[in-house]
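Each of the next two complexes has chain A plus one other chain: chain B in the first, chain C in the second.
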Partner chain A sequence: MTQSSGPKTAHERPPLWRDATVLKWAAQIAVLFGLIFVVVVAIRSAAANLEAQGLTFSWRFLSDRPGIQLSEGFATLPDSGLEAILVGIVNMLRVTASGVVAATILGIVIGIARLSSNWLVNKSSTVYVETIRNVPLLLQIVFWAAVFVSFPSLEPEGSGPIEGWLYVTNKGLSIPWFFPRESFWQWFVFVVAGAIAARYAFRWRIKVLEQTGHDAHAVGYALGAFLVFAVVGWFAHPLVGALGWVFGGLAWLFGSIPVLLMQIILAVLAVALAIWWIRRFLDSLRSPAGLARLTDDDIFRIGLAGAMGLVAAVVFFLVPGITEGINLGLERLFEFWDTKFNFLEAGTVLEFGRPTVETPGRFAGFGLTGMTMSGPFFGVWVGVTLYTAAFIAEIVRGGILAVAKGQTEAGLALGLKRGQLLRMIVLPQAFRIILPPMGNQYLNLAKNTSLGIAVGYAEVVAVGQTLFNQTGATIQVILIWMGFYLLVSLILSSIVNWYNRRVALVER
Partner chain B sequence: MNLKKLFAVLAVFALILAACDAGGGGDETTPTTVADDGGTDDTVAPDDGGGDTGAQTGGDLLSAVMDRGTLNCGVNETLPGFGSKDETGAFVGFDVDLCRAVAAAVLGDSEAVEYTALTAAQRFEALSSGSIDMLSRNTTWTQSRDGELGVDFAPTTYYDGQQVMANAADGFDSGSGLSDLAGAVICTNAGTTTEKNITEAMQAAGADFTLTTFEDFNIVLENFKSGACDAVTTDGSGLVSRKSTDEPAPGDWVIFPAVPISKEPLGPGVAQGDAKWADAVNWTMYALIIAEELGITSANVDDMQANPPNGEVQRLLGGEEEKQTAMGLPVDAFYNVIKQVGNYGEIFDTHLTVLGLERGLNALWSDGGLLYAPPAR
Partner chain C sequence: MSDPILNEVSASEAAPEKPSAGAVRWARENLFSSVLNSILSVLMLALIVFFVKGLLSYVFSDERMWNVIPRNMKLYWTEAYPVAEMTRTWVSLGIVMALTGLSLAVWKVGGSTSPRQFGRTLTSIGIAGVVIAILADASGGIRVGAAVVGAVLIMAGQIVRLTAGPRFKEETIHIRSILFGVLVVIGVIVWILPIESGTKVNLTVQGGVLVVSYILGELIVRFVSGGLARGVLIGLWLLSLPVIYLVIQRAPITGDVPLVSVFLPSVVGFIVVGGALLWWAGSGRAGEAGRLAAGVVVLAALASWLVSMPMLVRFLLLALATFALAAPTFGGTKQAQKNFVVAWSGAVLITAYFMAMMQAETGLEGLQGEFIGGLNLTFLLALAGLAISFPIGIMLALGRTSSMPIFRLLSTGYIETVRGVPLITVLFFANLVINRFLPREVELDDVVKAIVAVALFSAAYLAENVRGGLQSIPKGQYEAAKAMGLSTVQTTVFITLPQALRSVIPAIVGQVISLFKDTSLVAIIGLADFLRVARDIVPNQPASLGSLRESLLFAMVIYWIFTFNVSRASLRLERKLGVGER
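The block that comes next holds the complex of A and B.
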């Protein structure tokens, strides 16, 4: 190779095979096609394998009646395979959501306890963490399910410990509960408004505190604002019934809008979204002087965004079924909310119910008036909560230790009490460090709920397995599982990332 | 610097492609039903010839098993009598003996079996993925399993029916019916036909109930003993078997209804699409039944072979006009089966009669049962 000895002029380009721009683009395109190739080969060989075994690949099981009963969920006798999977999904989300809340609270408490100067508190929390996180989760879940099984059995009368209020039996734990009734959502609008009002009240009082230096009772004001809204809403909730008309109108609109018009709107939206993204991207690259220097990667991303917008627009026109589906979905959605805000049917907001024992045949069971936790749910929930809490505790401890010692000393020098110091100085700073790894723990918790199959909890994996054993739709069910867990993980991690960006230190 | 990175990426990518290509290419020529280890693929692929007819002829599992020298058999380990482990950790049971019989027929050695303990939910995956050659795990023959799940069933070796077991203390006796179970929590194991049967039967009886399913039947039984489950349901034979081993005191548990709620023909299965292998398994099962009909037992099989009383015995034990070699089996295949494992009646007596199960439907047709094998001629 001959190297030019003098400085190159700007216009002299290297040969094609050494031109970084060309090579980069070639690599991007090669990767794209390679990816498509791999996917196609995988699908084709899977299809060939299935055919060789005389198996057919069909999604019919989703609409067929599975004819199986599920142990718990919103529909224990599902009408279709799809509904069975939805029951599993809702059950999984129930245990995940309640597990995340419980594990966070428990984890923070134990994390702080590990730093306590009280010897007993300190050591017992250490023992907790070391024991729980070093025993496989599956064993723990099976253990808690077995603990549940060893509770006393439910008798038609005389079960307890507090008959009529609290039952601890191997058919379930049942407690009194408030159940939402027909006007719950109308009231809920007031609750949300109250939460927003509380936020403004809090900020206002904090401002007053900062200006005057006197305690402005920020928390009290916020709580007061919230309570005012909640109490007023309790009586005035039918007023919000007007929202029902709005939803009804929207439902009618989406039900009667011509498909072609909707297609045009969606296509325009898709292109507009692409243009908006590209403009924002360009803005982010622009220097204060208004100049933008684009690398090859940037051009590729802009091109891809534009292409995706156009493809989406074209697809909306080529496949009218998508638009029809969106129309129908929106119509149904607003119809649903219309019924929730119907103020002609306004009545009770919440209803208090105590657990009851019913004996339809020879066997005692819990009625629907109380909140009952089944044994399998108990096993999974306690298992994943305790397990995840052990990890969260370590994260919290690490986060607190990572806050510079000077901060604590400064706080003490100002005369803050220990509790105030922790609440106002240390925890807010520790929180930034804690948050990203917490997100990982939440993801783990969500995925670990699939171990519920071992103790008979009807979550999405257990239901799916029952389904494919009845129908043979193994690959389809596995695809649904993968898609579902991917979706849950992505949603969870984007929530955590969003929150993380919000509380992160703004660097200049 | 950038170029180096780029080439590294390209090189990695090329490797991935190469790997995928090899995988994909292999699939086209090698039948997928053939076992899991690469060694057998080499020996099988050539004599399969044209890949076009692969879907009909499938693999040649019979020669693959013979080359390997062991039979991979999927069995139960939680059902005493049918499939469980003894004190030494060896698998024993009625279904296990069917694996041993096939190993004796194909390989001449009833001990040349690699057992895989499978749960109900795992079994069909194991069969269709090729990690087992034969499934002998109290599996019910149904139309959907034959069609959608890709299982070829061998002749039924045990005619069973689903029943329910509950506590006598709750007022049940052998005359109880499903409607007495209203409001009960009924438990069974996941991934079986029992879930659907009990759901449909309870609907027909007009009784509401809660169904809880567990992967492992041992856990089902734990829940039943503690009272978390009011009743358990599975095949009648399974209930009798578990009652014999787990009942706290005789008479505590009751099995009903007298007429089972379902037909459960249990038998071994093989992966669909390999007729030769299916024939070998099928005829091993038939040989067990024919041997009982003809009175050939493990004790007298040597005499019978030396002085066959009739042509059928002579053919079955590998004498003149034998039909085994035409099926690709060794001449003395069925002699080995009877010699090493015994005939159907012997297997039944060893494992099931001791549990208190009666022959009932599983008697020979000549004794009023349902067992009927095609003639060996």
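The block that comes next holds the complex of A and C.
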């Protein structure tokens, strides 16, 4: 190999084409430019193809009226593309929320069953987990939808296991339920206040327990505080009607603020956020000896943060549409809350509804009272619940096994009962291990609901497909999908990360 | 003198309780150890009996149209493949069987089991048969049959236990003999079922190919070194995938491909000139000039995409650039140089062959030009997706853990974006949108688009798994490599990646299983894969109306068999490679 003779001194740098730093940055910049080039070519081709087909890239389909009818949702005949997508989002959130609750409960039960010393319980749960985990989810959802179709049919009289209370038919499952009415949101404020009060009560009683050593009934006090607020709110909810004025005022504010002023405010906010982040970053590198030497990476990060702040500020100015959209969105949001909280809304809080069977045409159907679960919802919900529960069971089992046996033995030696042992020693430690993978499974559940399209459930992917079949706005709809799902994953992983940081072991 | 302590022991103290034999003691410990446990056992037993009875009644009821499945085997397996050319699919399956048989022999797969275990397994299957006979609400013939088979198996199990003699608990029965027995049983079942006779013969031939190739493999291992045999087999497996799907099942007509005018001179030219270049670059004396030459080739390869020239030349230039960049790492000694140039020639020939096959039009006529469907398509999607996603995933993982900020940013951005969206959106993107982003001359086939989507999706998840492995390597390894003077590429290829990949084998196998299950989603974008055939195509045929649930149950069983066996095989592989041990 050709080498310069003799060792290099500290001041002599290798020639440009052998300098590691230069080569690294040259490679990175070359790859970045290559990527930008590919993206530009792609966008140009897309534009050319669209022109050749006579289509334009526009977002008008969001405000136009689509001629579609959705199978379920809060607005089955949506007024605009945007409303249709919102219906899809709400449907997806409905099945996600109910799925998360059901899967967690079922998963924990089966996870503990896997550890049982009873042979039958142990083996049955193993069979469950091994079967469900090895079959594709789409197949399971389709299967449960097919099972739903085989339920008995709905007759005007004499149907359902418990007529008037519980119906299991191939037109839907129906149960009685409490429905929020006009004053629900006002009462909800009291419920939230009650939850906060319960938390403070709990912490106060725990402190008393630690100081005195006597049982301080922390859970009882917390529940009591919550119930007090809930009951008071049931009768006193009109008092919160004043909030409606506050929201009305805010709505008026955002409706009448000039766009330029809002742009300036947003731009200043973006730059200030960037500066705050950079200062916090530099502070983290500061020690009593002064600022640490900044590496390539640090300079890159600071540059990136500053660049993003500036780009955001510039974009707010250049594209008035964004600021107008923000203003309009906030105005509508506060108007909506105004109507919910206003004095004029005083009325009943919850209404108890029982399922009824009506015969509007030739066939019997369920009335609007009572909570009805449709076939597609049943298929998706049962499918994702059973599937995710199998994975959660394995996670729970791993978590409980990972808590060192010595902990259990020490607890028993201290004289704790089994229940106290579980509650105070094993489960808190197991929680720390279980929660990140469980959060991951919740995210998977949220993404798996997208398979509802295969059984006709009107969630966001299905609605989007109907929309772009009608309007040809495929790329826009796909961008909306990706944005929505990325937002959901971001929120879920932030929650998991926040919890992780809170319970992380403080190590030296 | 009577011992006062001993005399204190009263005569009424009973002798230690004799432990009850086998089954009773087991039941007492496991099922009835406490009051709560007993209640739980009784409840569970009732639940299980109820559930199993319901399931068996459903399965064996007279209304079930189970004969739909054997009658539609061709649809499940290959959907719309032209019937006249079915031999091609049988040949593909034959190749897979032959390679499997050879691999089983060369890798000496399978341990042994003891006669006691074997006897126990037979007895358990027999008991299951008898239970089915008792619980199922089926016709008399089936119940009698199940009872008879069950009784025979129980007796066989007991006979094995009794005749094993002194070596009862030793592991003397090879798994391979058991597999052979299972093959024979499957063969018998195939001949009993109402399948078309031509298919029966073909299936028997396949079984025969498996057995013969296994025997052949055993012979080969005696004469050839294990390492060489394993290397050749791995190469054959990797080649078999494109050969089966591009050549055998596609029946390309090479008349239109400019073989003599473009391909031949390109191949010869690249082998000669490229070989000389690589020989010089890997000789160890090229030094700076070698790297500069590699850089020039890289620039030429990138520039070739802007100028109009045959695709073959572009790909060969890319290959030459990769090899030239890797020459200093893999060169050095004369032997290494020779191997490197031989590898280059092989790469050129293989690339040219497959490009010729891809450019050739297919000689088959199928449903809208797409003739790969059913389970065939599922395997193609899974294997091709896996093969493509592996290198991409490893590159993304290396990028994410790299010290260079832009690579880290780009890799992280890609991985987090793709992991945050469901696969169905990526499939829609590939199916409907990707054509718009490509220049108008390039139009991708539906199946190719699905493979691209699955590969891009799976690469992000693989990257996270490999990243976990990369982060688990102790720093000392990097430091030692640096102290020895290894370059970054050499460290990565020879030290980091092997350790990282070995430690994440369970996660990677989990990802493989997920990939296999996720291929079922292409049913939503209209490709006729196994699930779509089972759900939409078979039950909608006039003769099979109303057989949706039977079809779905069959699909479930097939998926389950594959994924369960893959996860079991991975457990065995982990134990063999000593994952988790130093």
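Please note the rule applied: the second predicted complex is superposed on the first by the 443 of 508 C-alpha atoms of A that agree within 3 Å, B and C clash if a C-alpha of one lies under 4 Å from a C-alpha of the other, contacts with A are read in each partner's own complex, and residues count from 1 in each chain.
Everything below uses one rule, namely that a residue touches a chain if its C-beta (ideal position, glycine included) is under 8 Å from a C-beta of that chain, and two chains touch if they have at least 3 such contacts.
All values reported here derive from a predicted model rather than from experimental measurement.
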{"item": "Touching partner for A:Ala27 - first (chain B), second (chain C), both, neither", "value": "both"}
{"item": "Contacts of A:Leu368 with chain B and chain C, given as first, second, both or neither", "value": "neither"}
{"item": "First, second, both or neither for A:Leu16, with chain B first and chain C second", "value": "neither"}
{"item": "Contacts of A:Asn49 with chain B and chain C, given as first, second, both or neither", "value": "both"}
{"item": "Touched partner set for A:Ser71, first chain B, second chain C, both or neither", "value": "first"}
{"item": "First, second, both or neither for A:Gln470, with chain B first and chain C second", "value": "first"}
{"item": "Which superposed partner A:Met482 touches (first chain B, second chain C, both, neither)", "value": "second"}
{"item": "Touching partner for A:Asn118 - first (chain B), second (chain C), both, neither", "value": "second"}
{"item": "Touched partner set for A:Leu285, first chain B, second chain C, both or neither", "value": "neither"}
{"item": "Those residues of chain A which chain B touches in one complex and chain C touches in the other", "value": "18, 24, 27, 31, 34, 41-42, 45, 48-49, 52, 146, 150, 453-454, 465, 474"}
{"item": "Residue ranges of chain B touching chain A (in the complex, touch as defined)", "value": "2-3, 6, 9-10, 13, 16-17, 20-21, 23-24, 27-28, 31-33, 54-55, 58, 120-121, 124-125, 128, 144-145, 147-150, 170-171, 180-185, 187, 190-192, 195-196, 198-200, 202, 207-216, 219, 222-223, 226-228, 230, 271-273"}
{"item": "Residues on chain A engaged by chain C in the complex (per definition of touch)", "value": "1-2, 17-18, 24-25, 27-29, 31-32, 34-35, 41-43, 45-46, 48-50, 52, 117-121, 124, 130-131, 134-139, 142-143, 146-147, 150, 296-297, 300-301, 304, 443, 447-448, 450-451, 453-454, 461, 465, 468, 474-475, 478, 481-482, 485-486, 488-490"}
{"item": "In the complex, chain A residues that touch chain B", "value": "18, 20, 23-24, 27, 30-31, 34, 37-38, 41-42, 44-45, 48-49, 51-56, 66-72, 76-77, 146, 148-150, 153, 170-171, 358-365, 375-376, 453-456, 458, 462, 465-466, 469-474"}
{"item": "Residues of chain C that touch chain A when the two form their complex", "value": "30-31, 33, 37, 40-41, 44-45, 48, 284-285, 287-288, 292, 302, 403-407, 409-410, 417, 419-425, 428-429, 432-433, 435-440, 513, 517-518, 520-521, 523-524, 531, 535, 548-549, 552, 555-556, 559-560, 563-564, 567"}
